[in-house]
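In the part that follows, the structures are each spelled out as structure tokens.
Below are two complexes that have chain A in common, paired first with chain B and then with chain C.
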Partner chain A sequence: MKFLSVSKWFMVVLCMSGLLLQYGCAFKDIDKRLFVSAIGIDPAENVENGYKVTLKVALPFGAIKDSPKPSFAYLSREGHSIGEAIRMLETHVDKVLELGHMKTIVVHEKLLRDDMQSFMDYFIRRGDIELIAYVAGARPSAETILKVEPDTEAPASVSLINFFGATANDSPYVVTTYLFELRRDILSDGINAVVPLIETNEKGDELIVNNSVVVDGREDPAVLSTIETKYFNSLLKHSTGFTYLVKEGSLELLLQISQSKMTYKFVPNKGNTAPHAIDMHIWMKGTIGEASKDLSIARLDEYNEVASKEVKQKVVHFLTKMQEENLDPFGFGLRYRTTRLHTEDVFTSWQKAYPDIEFKVTVDVKLQGTGTIE
Partner chain B sequence: MSRFVYFLLISNMTANLIAASPRIFFAKSEEGAIVTMIIALFFGVFMNWALITSFKAFPGKSLPQILSLYLSKWITIPALFILGVIWYVSGLQTLITYIDILLRFLTPEMSVYLVIAMFIPVITFGVIMQSRNILFTLELVFVLAFPAAAYYIVKLYFAEQVSWDHVGIAMTFIDNPPDYTVFTTAIYLFAGAFDIIIFNSLLNKKMTFGIKQALIVFFLGAFALFTTYFIPIGVLGFDQVENIMYPWILTSDSIRMKFGVIERVIFIFLLLFLAIAFLNITIHWHVACQLFQSAFGIEHMKMKLRKKASLITVVMVFWLIAFYTTLKITEYDLFFYSKYYFNTIPIIFIGLMVLMLVVNRRAKS
Partner chain C sequence: MNMDEATRHIEPPAYYTRLATRLEPTADIVKKTLKSRGRVVHLLYLKSVVDMMQLQEIVVKPFYEMSAEQNFSEYIQSLPYETKMPTGDEEILIEITKGNVFVMIDKQITLLELKIVAANAVQEAIMEPTIHGPQLGLSESIETNINLMRQRYHKPSLVIEPMQLEDASNRNIALIYDGERVNLQLLKKIRKRILTLDVELVQASGDLQYYLNNKKYSLFPTSLLTERPDRILHNMAVGKVIILVDGSPHAIIAPTTFFDFMLSMEDAYYSFWVVSLIRFLRYAGLFTCIMLPSIYVGVTSYTPEVLRTELAMTVAASRIGVPYPSFIEVFFMLIFIELLTEASMRLPNSISATATTVGGLILGTAAVEAALTSNIMVIVVSLVAISTFVIPISEMNYAVRVCRFLLLLYTTVFGLAGMILGMLGLLLYLVNKDSFGEPYLRMFWKNRQEELKVDDS
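Presenting the complex of A and B:
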């Protein structure tokens, strides 16, 4: 009986012959790799126009029980480019540096300029670095921030990761910027990228993230204050769970907003193509979280009005401040480009119009209750 | 239309998502990509209509059988040979792209020879399989992989990472005049159903192409084109999207599923699309192999061993060329030659339709 036909035998031999080429497992084992958990980039001190790269490398340990604190090693090296510095750092360790699990890129505050795309290029070009890695600014320097090991850091975890991406920390003060998002915003006309700013306390045992930086071409990047960061997050990124303090006379209200929504449209100028105003509408829904006086449910409408007025004032202040600095973190310019068919001068006419644009903001705060007590 | 025709159509659309076509679209994103895609959409439906209608009179017969019945050898053999080359290159192009993607994103440390060697047994096995089994494999992969692939694609539309402002900017270029290369690339998405020139021998039922079928093809095509073009623009931004080598890989890498099984969607995405691409290469090469066999008259050979030997020769030649080109070609070459390849598609389509017109006439008389 013929067991297999000739061609099938041929196939079997062909497949098997592949095994002859192998001399064992071709892949490097996990204990031959070092997992980089974060990269820090500072301006170089000794190399002109160079960078100082710091790697935070997670060290392996047997069991979580054996290690009360997470253990890290730090590697630093200066070089003309990021790639060169990392290549040289590979010669400082006995194992392979694995960047596939690198989730946070921390950049010195002073380097957050438009030319950062030249070094961001390295991260995008490498296939193994994830594009959903977080990018953050650092003050005073990326190296100090990387070396902070907060007390709350659990073994086998990195605090820098938990801050962003709303998996653990969900605070409205924390802006999350992904690598692909940063690239997109830097390369697009009509929007400025915003990255969170990581700071530390004097003792160096805490990480503090509540400011953010608007990335622009200038030497000294504009830093958004804590309050501005919160507004940016709530209006644009729809983050939830924030609070607004409203003051009117002796009445102090702390609003807890659970939903917020912003829409805007351009008000065209008569006879001219460029707009002269932006009509913005903001809806907010929430409850009162804290008050200096006894509140009455019946007077909710009144509180709504007080709150609306306050929020409006703050939003307008924030928008005009950005306008004065000629920054556009909200991407008004980008939206403007979508409103008409493409011609050469759509964006230039917007650039001319933006400094004089008027913001007409209407805010609708809808309080749904006074919390558990009146 | 038989359900297998839809499967063939969809598998071609899906496999092209990560191959060379998005790059060609983006390269012309400021030179009339959108208007061309709209024209191509209608032309694609017309292509499918023309194909199904021309094969209507010959249920259960493949193109080589039909041609040998009604036309002289002098026309049949070159025609089959040219079609074979076209189908072979179509598979080859997908193969090279995927080997490149595998090397870059999934297994950067592996040698290129090993990666190609891994493709060889599976695809060869597929190529020499019976046509009937290929269709069943297609159906199986569809049941297994396609729901997940569709899930991820639909998920993209609701991902917060997609900036619809950028999509809006892309749309403001709608008034530009159309471009030929974009047109040919876009109609290639609809070329999946053309595999029935071989598989028709298994589709014994008479097929019709009415309004219903036209609408299905239209909406499938519209969805495929819209997704291929606009989603990467939304994720990667309009202004620099033409500089990206593999827009869809970077797009899937930019999508995050916070509490998904794996946060990085790219790995699931790559594996799913790899399965569909494997299938696509197998189908195309199977068709090419069958066409070459008919062109060289292997089917009429007497001895069984001789038939097998010639089959093996065809497969060997396939792989030798594949090996050579995969190792030699650079990314730029691939992009460049893909354009030429796509540009020949309309000519081939017209040629095929003229042949079918003649055959249909002779069959009637």
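Presenting the complex of A and C:
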């Protein structure tokens, strides 16, 4: 009897361990997967209203430390939709395409419009793509940008990821836009999404990110210049490392702003609910990083004043330019909508008011030192 | 005068003869009749367990020096060595085998405890060493151990309750507790469980602990085995019961919670922040050694997006050329490391170092070179092996080692979700478990005084 029970037990264990060997399709070893590190989307050349999808696949090989450069494989395919193209691309490789590590979506400059939401839908719905993926525009095309392999790229890492999110690069010229943010900004009234624009040099061995694109309905999206991108970033996203060149006569100062803060209020019309002006206040704190002359700490107030004046001028110029283009990257409209009592015409009244709104900007630069010890 | 000649004329009492015949076949039995000036004393003992010198000094010499028989009988009765006379022949015989000398003067019978114990040296604490705590553990003699307790715990309320097991060896055991602090219900329960034990042979505290557990298939220990007097007192002072077994250098502490097994006595000898850090490390080690192999399988084979991109690439790269799926790799390496641990434990110290080096370093590197495992796997397995040993009590250590295989099975089949499921199962099992009526996962949120009050009510 005892022998029987032991033999039964043995059989059970044997069967169970046999079952274990029949591991199913969910079990895929990590070396049977291909990690897609970035996706590029271009308008299709051969398919009407279609897209050309390019995948940048990171290839692991041998001892990572010994390999001088990361190695990538590129897969391209055109299709009516992104999902379709990716599905077909899965038949082009011997392993599973793993999108869990896909962190950057690079979109052709021309596709950065309000209607991009329709094709970006695929990324929102797919479970393994995280909503914190970065979205960036590409010039001249997403495929070219993906195929750039910068010299500074370390093995087992992807430059396109390091650029954004201030994990590695926190330059104020680089705007970071997450997938969820893009979707939210496109879907809400009163704000235009801003997406960084990735360019490359002529040799094609560098990635350059210092412009950005305001996503709007128009055919040719408005591109923010490098300076405007910097202002946008430091005013709205409080990005640090803001440098600013001040010129007055023969005096040239390069300010290094370590803290910046921007607040604004709507100034309402008398009797009318729509505002006629925006009262904006900017505080900045920093030191002088570079100067053309000897500086004196006693004259710090003077430098403050000069700097304030110049910053104010640049900000007003930027704001009015956006106003003229009827773009709203700062989300003034969104703020207006959320802080007013909701009525049916709250947004239409804003839309009417915005083109004529006046920007009253006060800038308060506070320099903490001349940057040297006297 | 020749002793044998003299005794030949005196017929030994029937009772004495009866006892002697029962012991007869053994060679170390000594039947002695002392006779002088008309006085007769019959001695019966086993010479292998009796201290001859003492016997000579205490019984034989005074017998010939005293004048009257009456005096000698009174003298024997006044000796501090006297043990309580049990009822029944069998019990008396057991006492004799324990090292008592049976003394018969006329109708008066006495048992004198003149035993000699060879193994009463206090041993060094090997399994639970501390740096600052007491360096010595228990001995293999129950008397010495009780002496150690008394020496450290001077309170009249310290109760030593001797018991005798009904097994083949009639082993002496003792319950030790602080009568003022112990939970009486618990005491009754433990006493009952010991008395109702139906076992062939108890050799040491280890198997007594197993029998006390009362369950055949039980993974986690419900009582704690220790060799440290300070741990014994630490537990006794909070009202627990200590069981000592003669011949075993370990004491059983009951009841215990899971957290008792995670306590090292070292914790009592360091400052608060140091202890906090050590405890944190210990619990981190516990979770590491249970979960790390499963995490490796779950993450590499089911959900690699959990890792950072760089790490995912590194792991993928290190797995290139490994022929088997990750779980077989992990099983293989875990069994390998278990073998290594087991082997180095059984070997003498001087050889075990070599075994570890050969096994751990050389074979590990060779396995990676031969692409049998990935080098990340070697890191995982070594981490697991090391963190197993931060669990201070070896029984819990073993239980945890078994647990991680079960968890690995779950993860292999169901991925990371399976790992969570397995952990949940483990938690349910532990919550459901009790040790002599105390919940196994009982948390002591209150301070000691308040806890004691709670127990009383």
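By our rule, the second predicted complex is superposed on the first by the 344 of 374 C-alpha atoms of A that agree within 3 Å, B and C clash if a C-alpha of one lies under 4 Å from a C-alpha of the other, contacts with A are read in each partner's own complex, and residues count from 1 in each chain.
Assume contacts are C-beta pairs under 8 Å (C-beta built on N, C-alpha and C of every residue); 3 or more make two chains touch, one makes a residue touch a chain.
What you see is a predicted model, and the numbers here were worked out from it, not measured in a lab.
K.L.:
Based on the superposed arrangement, let me know which partner A:342 touches: chain B (first), chain C (second), both, or neither?
P.N.:
First partner only, chain B.
K.L.:
Where does A:181 make contact in the superposed view: on chain B (first), on chain C (second), on both, or on neither?
P.N.:
A:181 sits against chain B, while chain C stays out of touch.
K.L.:
Thinking of the overlay built on chain A, is A:355 touched by chain B (first), by chain C (second), by both, or by neither?
P.N.:
neither
K.L.:
Thinking of the overlay built on chain A, is A:6 touched by chain B (first), by chain C (second), by both, or by neither?
P.N.:
first
K.L.:
Regarding the shared-chain residue A:14, is it in contact with chain B (first), chain C (second), both, or neither?
P.N.:
Only chain B; A:14 stays clear of chain C.
K.L.:
Looking at A:37, would you say it contacts chain B, chain C, both, or neither? Reply first, second, both or neither.
P.N.:
After superposition on chain A, A:37 lies in contact with chain C alone.
K.L.:
In the superposed model, which partner reaches more residues of chain A, chain B or chain C?
P.N.:
After superposition, B is the partner touching more of chain A.
K.L.:
A:217 in the overlay: touching chain B, chain C, both, or neither? Say first, second, both or neither.
P.N.:
neither
K.L.:
In the superposed arrangement, which partner chain does A:249 touch: chain B (first), chain C (second), both, or neither?
P.N.:
Neither chain B nor chain C is touched by A:249.
K.L.:
Could you look at A:128 and tell me whether it touches chain B, chain C, both or neither (first, second, both, neither)?
P.N.:
A:128: touches chain B and chain C.
K.L.:
Mind sorting out which residues of chain A both chain B and chain C touch, each in its own complex?
P.N.:
Common to the two interfaces on chain A: residues 26-28, 128, 130.
K.L.:
Going by the contact rule at the top, pick out the chain A residues touching chain B in the complex.
P.N.:
For chain A paired with chain B, touching residues are 5-7, 10-11, 14-15, 18, 21, 26-28, 124, 127-128, 130-132, 165-167, 178, 180-181, 183-185, 187-189, 331, 334-335, 337-338, 340-342, 346.
K.L.:
Sort out for me which residues of chain C touch chain A in the complex.
P.N.:
300-305, 309-310, 312-317, 319-320, 322, 325-327, 409, 412-413, 415
K.L.:
In the complex, go through chain B and note every residue touching chain A.
P.N.:
30, 104-105, 108-110, 114, 117, 120-121, 124-125, 128, 161, 163, 165-166, 168-169, 171-175, 235-240, 250, 253-256, 258-259, 263-264, 266, 305, 308, 311-312
K.L.:
Could you pull out which chain A residues touch chain C in their complex?
P.N.:
20, 23, 26-31, 33, 35, 37, 58, 60-64, 98, 100-101, 103, 128, 130, 156-158, 161
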